[in-house]
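Structure first, then comments.
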Amino acid sequence: MSSKARRTLLIVQAVIAVGALSLSALPAQALSPRQEVGVTSSAIKLGITLPMKGSASFGYNQLPDAMKAYFSYVNANGGVNGRKVTLVVKDDGYLPKQAIQNTQDLIGKDKVFAMVGALGTANNQAVADAVNLGRRGIPSLFINTGFSGFNNRSAYPTSSTLLPSYIMEAKMISKYVKETYADKKICLLYQDDDFGDDALVGFDKDHGNLTFTSKIAYPSLSQGVAGVPDSWVTKFKAAGCEVQIVFGVSTATLYFVMGAAKAQYGPKWILGSVGADVASINPATIPYIIGATSMSFLPSVVDPKDEYVAKFKEIHATYNSKAKFNSWALIGMNAAFLTVQALKAGGKKLTRASLLAALDSDGAKFANAGLVPLNYSKTSNVGYNGYWFGKFNSAGDLVPNDTFTYTVYTTDSGTGAVEKSSYSRPSMPAKGLPN
Amino acid sequence: MALTVSELTIHHGAICAINNVSFTVPQGQLTAVIGANGAGKTTLLRALSGLNKSTHGHATWNAHNLLHSKPESIVRHGVSHVSEGKAVIPELTVNENLELGAIWRKNKRETRETKDQITSIFPRLGERLNQRTDTLSGGERQMLAIGRALMSKPQLLLLDEPSLGLAPLVVEQIFQTIRDLTTTMGLTVVLVEQNAMGALKIADNGIVLNLGKVAVTGTAQSLIADPQVRAAYLGY
Amino acid sequence: MFQFINTLLIGITAGSIYSLMAIAIVLVWRSTRVINFAQGGLALASSFVGASILAQQISFWIALPIAMIAGALFSALTEYFLLRPLLKRSGDKGEEIFLPIIATLGLLGIIKTILNFTYGDRIGSIPPPISDKGFVVGGQVIALSPMRILILGIVLFLMVLLTFLFQRTNLGLALRASSYSPEISRLAGVRVDVIRTAGWAISGAAGAAAGILQTTNGSGAISPESFEFSLLLVFGFVAAVIGGIESLIGAVLGGLTLGVILAFILMYIGGSLVFFSAFLILIVILIVRPHGIIGVKGGRRA
Amino acid sequence: MHKVKTLRFKTGIGFFLIGLCVFFLSNVVDEWRAFQGATVAVYVVAIASIILLTGYSGQISLGHGALLGIGAYAAALAQIYAHLPIWLCFVTAVLVTAIFGALLGVAAARLSGPYLAGTTLALAVGLPSIASQFSILGGEQGISFNVGWPPLSLGADFTQYKWFFWIATIAALIMMWFLQNILSSRYGRMWRAVKSNSVAAELAGIGIGSSKVLAFTISSGVAGLAGALLAMTTNNVSPSVFPLALSFSLATGAVLSGVNTLGGVMIGSLALVAIPEIASSASNLWSESENTAMILPELIVSALLILTVFLAPKGPIEKLRARHRH
C-alpha cells in the first residue's frame, strides 16, 4: 500500500467519522436546554447500574424488576405528581469500569434525572471518583453498599447510602458473637477490597473488639477457581475454628458453605448481610445454610403479620408475577417505595436540587418497611443504621424466631456502642401509596 | 484397462501449467514422464490423483473419471500416488505408515497379506516396523512411501521423483525395485523424474514435457536414442 | 503433612479437569490447527443440556453421556459450518491462527446470547450424583470424597479410552495421520474432512465432560455468563500449551502440573496470586522449553 | 532521500488537516458525542498497536488489554507519586510499557503460534489480578488518573469530555504519524520481510529475534499510551478497566479494521464504539425487555465478527481495493 493511498484513506475515514458523529449529534442539539434533565411534565427518568448477568449478578439481578413493579403500581395510580416514573437498567457485571461507563451513559446519553440504588462498593467508589456526581449535582439515591466511606457528606454531597455500613455490621456481629458464643474460636473470611477492609475496621480493637483465630482474605472472583474454596476450608479447619464469619459476596459464601460440607467442616455460621442469601440464588443450596445466622434491617419476607410485606407481596403478584416474592423483591420494592416518596417530596417543580433538599429535610421520616431508622439529614447521608439477627429456616428464609418478634440493634460507624433499638417505624400509607 | 489423458489443461491463476496434454499409458507398462524443472510434471501427476483441479480435459482409468474426484475416492479405484519428497509421516511408526495405506480396505486378512508381501519386498521395513519413521534413512523412507502406496493394492501407481535427494547407489536400487514391481505385480506405473536417464532406462515408454506441453512421446529406447532428447534432457 | 496431602489431592482433582479441557483444545488444534475459543461456551451449552436432563429427574449416568453427545454434536456443527468454510476460504496461509480465533470468539458470543435468551438468569443445577463428603482418615477428613474419586475415575477412563482410540484403532490412526499430513492421508484414502469433524466431535465430548465435572466439583450450578467456564477455558488452554499443544499426554501432564502448582500456591502463599501464577508457570515452562513439556523442538511448524 | 522528506511533509499536512477537522467537529457535537469521540481515538491507538504487532510483524497477542493496563497504572502512579505534569505521565506510560514489552518480547520471540497466543492470554488474565496484591495499586476499585480540567484559556464552556476528546485525538494523530513513519522506514521493511519469509529474511542478514522484540517493544509502548488514554476517559485505573474482554474486543477491532493495514484502523475503532450504541437503540425499538437490550449488542458484534472473517478476512480496506482492481 503506497503512502499516498494510505493517507487518502485516513483522510476519507476522518471525513466519514466527522459526518457520522455530527449526524448523530443533531437530535441531541435539538433538546431544549431550560428543562431539568430527565424530568418532563409527564415523566421522570431514573437510572440504575448493577450486575445483571454473570456470576456476581445472582439475586441482585432481581432488584430492577421488583423496583419497576412498584413504579408501575404508582404509575397506574396517577404517578408522582402526575409524572410516570421509568427506570433505565444497565448491566455492569460487577465491574467498576463498566459501572463508570454505564453511569456516564445514563447521564450523558439516556439523560436520566437521578441514579437510584446503584450497587457495589468498588463500583460506587469508582463512579463517585470518575463521574464526579457531586460537582455535577446529580443525585445518586439509596446506594446499595455498606461501605462507610460514602457516609462523608462533604465528599459525596449528592449521594446517599441505604444499607448499614459494614463497620456497623461488623460491630453488631462482634457483640452478637461475644454474647452468643463466648470463648469459642472465631474465624473470618472476607473479600480483599474496601468491602472487607471496612469490616476489619468494625472488628478491630476500638470498635467491635473481636479477635480471630484465623482470617483469610480472598480476592474478588477467585472463589470460582477450582481448589480455592477447598483451601479456605482446609486452613480454617486446621485452625480449629468453631464460629465462622463470612464477609463475602454470595458466590463466595455459596462456594464456602458447599466446600465446608464436603470436608465436614461444621462451625457455627455467621453469614454477612451481603452474601447470606444464597438460597434465593439456587434453591439446591438451602440445606447448606439451614441454621446459619444472618441479619437484616427489613422484616422477614415470610413474616405473616407485617403490613409492608403483605402489601408489597400483593403489588408484586400483580406487576412482577413471573418472579418469586423473596428477600430481593422486598429490598427492591422498599427501595422503589423510598424513591417515590423522595420524588414526591421534591415537589411539583421537581429539580435535582429540590430532590436532594427534600431527602435532607424529610428523609428520616419517610415511611418504609425497615425496622431500623433512617438517618438522612442536612449533615448525614447515612441510611439504615442497624440490624436484627436471625437464623435461616428449613425453607431457606431468614427468620428472627418462631413468633416473628425482632430484637433490633443500632449503632454508628464510629466507636459508639451497639444498642438495642426502641424504634417504631411509620405505618404503611393507605393503599401502599405515599401521601 | 489403460490410463487415458486427453486435452488436459491446468491453470494456476494466470499461469498455464499444463496445456492441452494428451497421452495413453497402456496397462502393465512403466511410463516415464521427464522434463525440465517447471515443465508441469508434478502438476500433471497431482491432477491425476485429485490433488490439483484441472481446468479442462479428460483423464480416465478403468473407465473411471479421475478429474473432478477427490484423492480419497480415487485411491479406492486402484490409483496410488506417492507424492514428491519421501511421502511418509515421520511422527508415525513404520507399521502405522503402512497401515495407513490400507486404512480404507475392509478385509483385514487381505491387508495383512499385502503387508507381508511388502515387507518381503522391502525387508528393511519389516525389521523396523515398530520404529518411528524419522529414524529411517532417506532411501528407507522412500521405500516406505512406495510400500504405503502399495498397501492399497493399486493397479496404477503414480510416482513423483522417487530419486530426489538420494545417494546414487540408493537411486539405482529404488529404480530397480520399481521396475521389478511393475513386472511382478502387473502394475501400471507413471514415473515422474528429473533423473531422465535413470527413469528411461527402466521405463517401457517415455513422455517428454516442455513448458506444460507434450514435446515428444515414444518408447523409452526411442527417446534415449533421439538426439534432441539426448541433448536437452539426458545431457550428452 | 496432612495439609500437604490434602493440597495435593485438591490439585490433582482440579488438574484432572483442566486436563480434560486441555485434551479438548489439543484435539481441535491437531485436527485443524485452530484454537477454539468457543470451547468453554460449547462446554457450557452441553452442561446446560446435562442440567436440563437432570432437572427431569433422570439419572446422572444418563445425563453425562447425553451431554457429551450434545457436546460432540455442537462441536462437529461448529467445525462443519464455521471452520471448514473459513479454512477453505483463507487457504493454508493468510492470517494463520488469528482469523479462526476471532471467528470462534464470535461464535462464543452467539452461544452466550442463545443461552441468555433461553435461560435468562435461571440457573442450571448439576448436583453430585454420589456423596461429596470427604473420607475420614485417622480422624481427619481428607480432600478426597466418593465424588472426587468418581471425577478422577471418569477422567482416567476417558484418557484410557482416548489413548486406546488413538493408538489402537483405524479412526485414531486416521486422526493422527490427518493432523500431521492431510495430503498424504488423503492420498492414502483417508476422508480428511470427515476425520476433522470427528476430531472436533471427540473434542466437544471431552469439553462437555470437563464442564459437567467442573460444575459438580464446584458450586453445582451453572449460569449463562459463567465466569468458571471462562476460567476453565483459560486454564485448559494454558495446560495444553504447557504440555506442548500437540500431545494428549502433554495435555494431561500440563493440566496436572497447573492444578497441583496452583493448589500449593493457594494453600501456602494465598489466593491473591492465583491468576498471575498461571501466567508465571506458563512463561517459566516456556522459557525453559519453548515447545512445552512434551513438544518436539524444531518439530512441526506450529 | 529528498522524496521521502516531501512524502513525510505531505503526510504531516494530511494529519494536520485531520486534526483541523476534529477540532471543528469538537465544537459542533454535544458533550456525550465528544466523550465517544475520545473513546474512538483511544481505540485507534490501541488497535494500531495490535495491527503493528500482528499485521506487520506476524506475532499474535491476545493480551493487549494487560499492556494497556500497565500503561494506565504507570501514568496514574506517575501522577499520584511523582506529581508529573500530565503530558509526562503519558510519556511515562509509553516508556514503562515499552520496557515491559521488551522483556515480554524476549520471551515472545522464542514462541510461535499457539504458544504465544497462550502466553499472552494468560497475561491478560493474570496481570490485572496483581492490582489487589499491592495496596499502592488500589485494589478492585483502583486508583484515579485525573488529567484535570481544561485550561481556562480555552474558554469557560470548554467541557471536560471535550478536553478528553482533544487530548486523545492529538495523541492518536501523533501516534499514527509516528507509526506510519516507522512502517515506511527500514524497520517496517524488516518486519514485513520477516513476516513473509523468515528464512529468506535471516539469509538476508536480518536478526529475526531482535526484529520481533523491537516490534513487541514498540507495540507495547503504543498500547501503554492507549491504556493511559483509556484511564483518562474513565478517570480510573482498576483491574476491571482491563479485563480479558478488553483484549478480545481489541482483537475484534483489529480484525474489523483489517489486521494487515494500518489504514483501516478508524473503521474498527468506530465500530467498537458505534455497534453497542446502535444495537441498544435497535433493541429499544424492537422490545421493551431489558434482557434483549443487554444481550443484543453482544449478538450483533459476534455476528459481525463472523461475517467479517468470512467476507473480508483481510479487512474492509483490502476488500474495497480488491473490488476496484477488478
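Annotations
For reference, chains read A, B, C and D in written order, and residue numbers begin at 1 within each chain.
Heads up, the rule we're going with is that contacts are C-beta pairs under 8 Å (C-beta built on N, C-alpha and C of every residue); 3 or more make two chains touch, one makes a residue touch a chain.
Not measured: the values here are computed from a predicted model.
Where touching is counted per the definition, the chains common to chain A and chain D are C. Note on connectivity: the fewest steps through touching chains from chain A to chain B is 2. Chain-level centrality, scored on Cα centres against the all-protein Cα centre, points to C.
Taking the mean Cα position of each chain as its centre, A sits at the greatest distance from chain B. Chain A and chain C have Cα centroids lying 37 Å from one another.
Centres computed as Cα averages put chain C at a distance of 32 Å from chain D.
Rounded to a whole number, the gap between the C-alpha centres of chain B and chain D is 53 angstrom. Per-chain Cα centroids separate chain B from chain C by 42 Å.
Along chain A, residues 52-53, 192, 219, 222 each make contact with two or more other chains. Residue positions 129, 132, 294 of chain D are each in touch with at least two other chains.
For chain C, the set of residues touching two or more other chains reads 116, 272, 274-275.
Here, these are the chain pairs in contact: A-C, A-D, B-C, C-D.
Contacts from chain C toward chain A in the complex involve residues 2-3, 6-7, 10-11, 13-14, 17-18, 116, 121, 123, 125, 127, 132-134, 136, 141, 143, 145, 147, 214, 217-221, 223-228, 231, 259, 262-263, 266-267, 270-272, 274-275. Those residues of chain C that touch chain D in the shared complex are 29, 35, 82, 85-86, 89-90, 94-99, 101-103, 105-110, 112-113, 116-117, 120, 230, 234, 237-238, 240-241, 245, 272-280, 282-283, 286-287, 290-292, 301-302.
On the chain C side of its complex with chain B, the touching residues are 170, 173-174, 176-177, 180-181, 183-192, 300. Taken together, the chain D residues at the contact with chain A in this complex read 7, 10-11, 14-15, 17-18, 21-22, 24-25, 28-33, 35-37, 40, 129, 132, 139-142, 144, 161, 176, 180, 184, 234-236, 238, 240-241, 243, 261-264, 266-267, 270, 274, 277, 290, 294, 317.
Every residue of chain B that touches chain C in the complex is listed here, in rising order: 49-51, 70-72, 75-76, 80-83, 87-92, 96, 99-101, 103-104, 148-149, 151-152.
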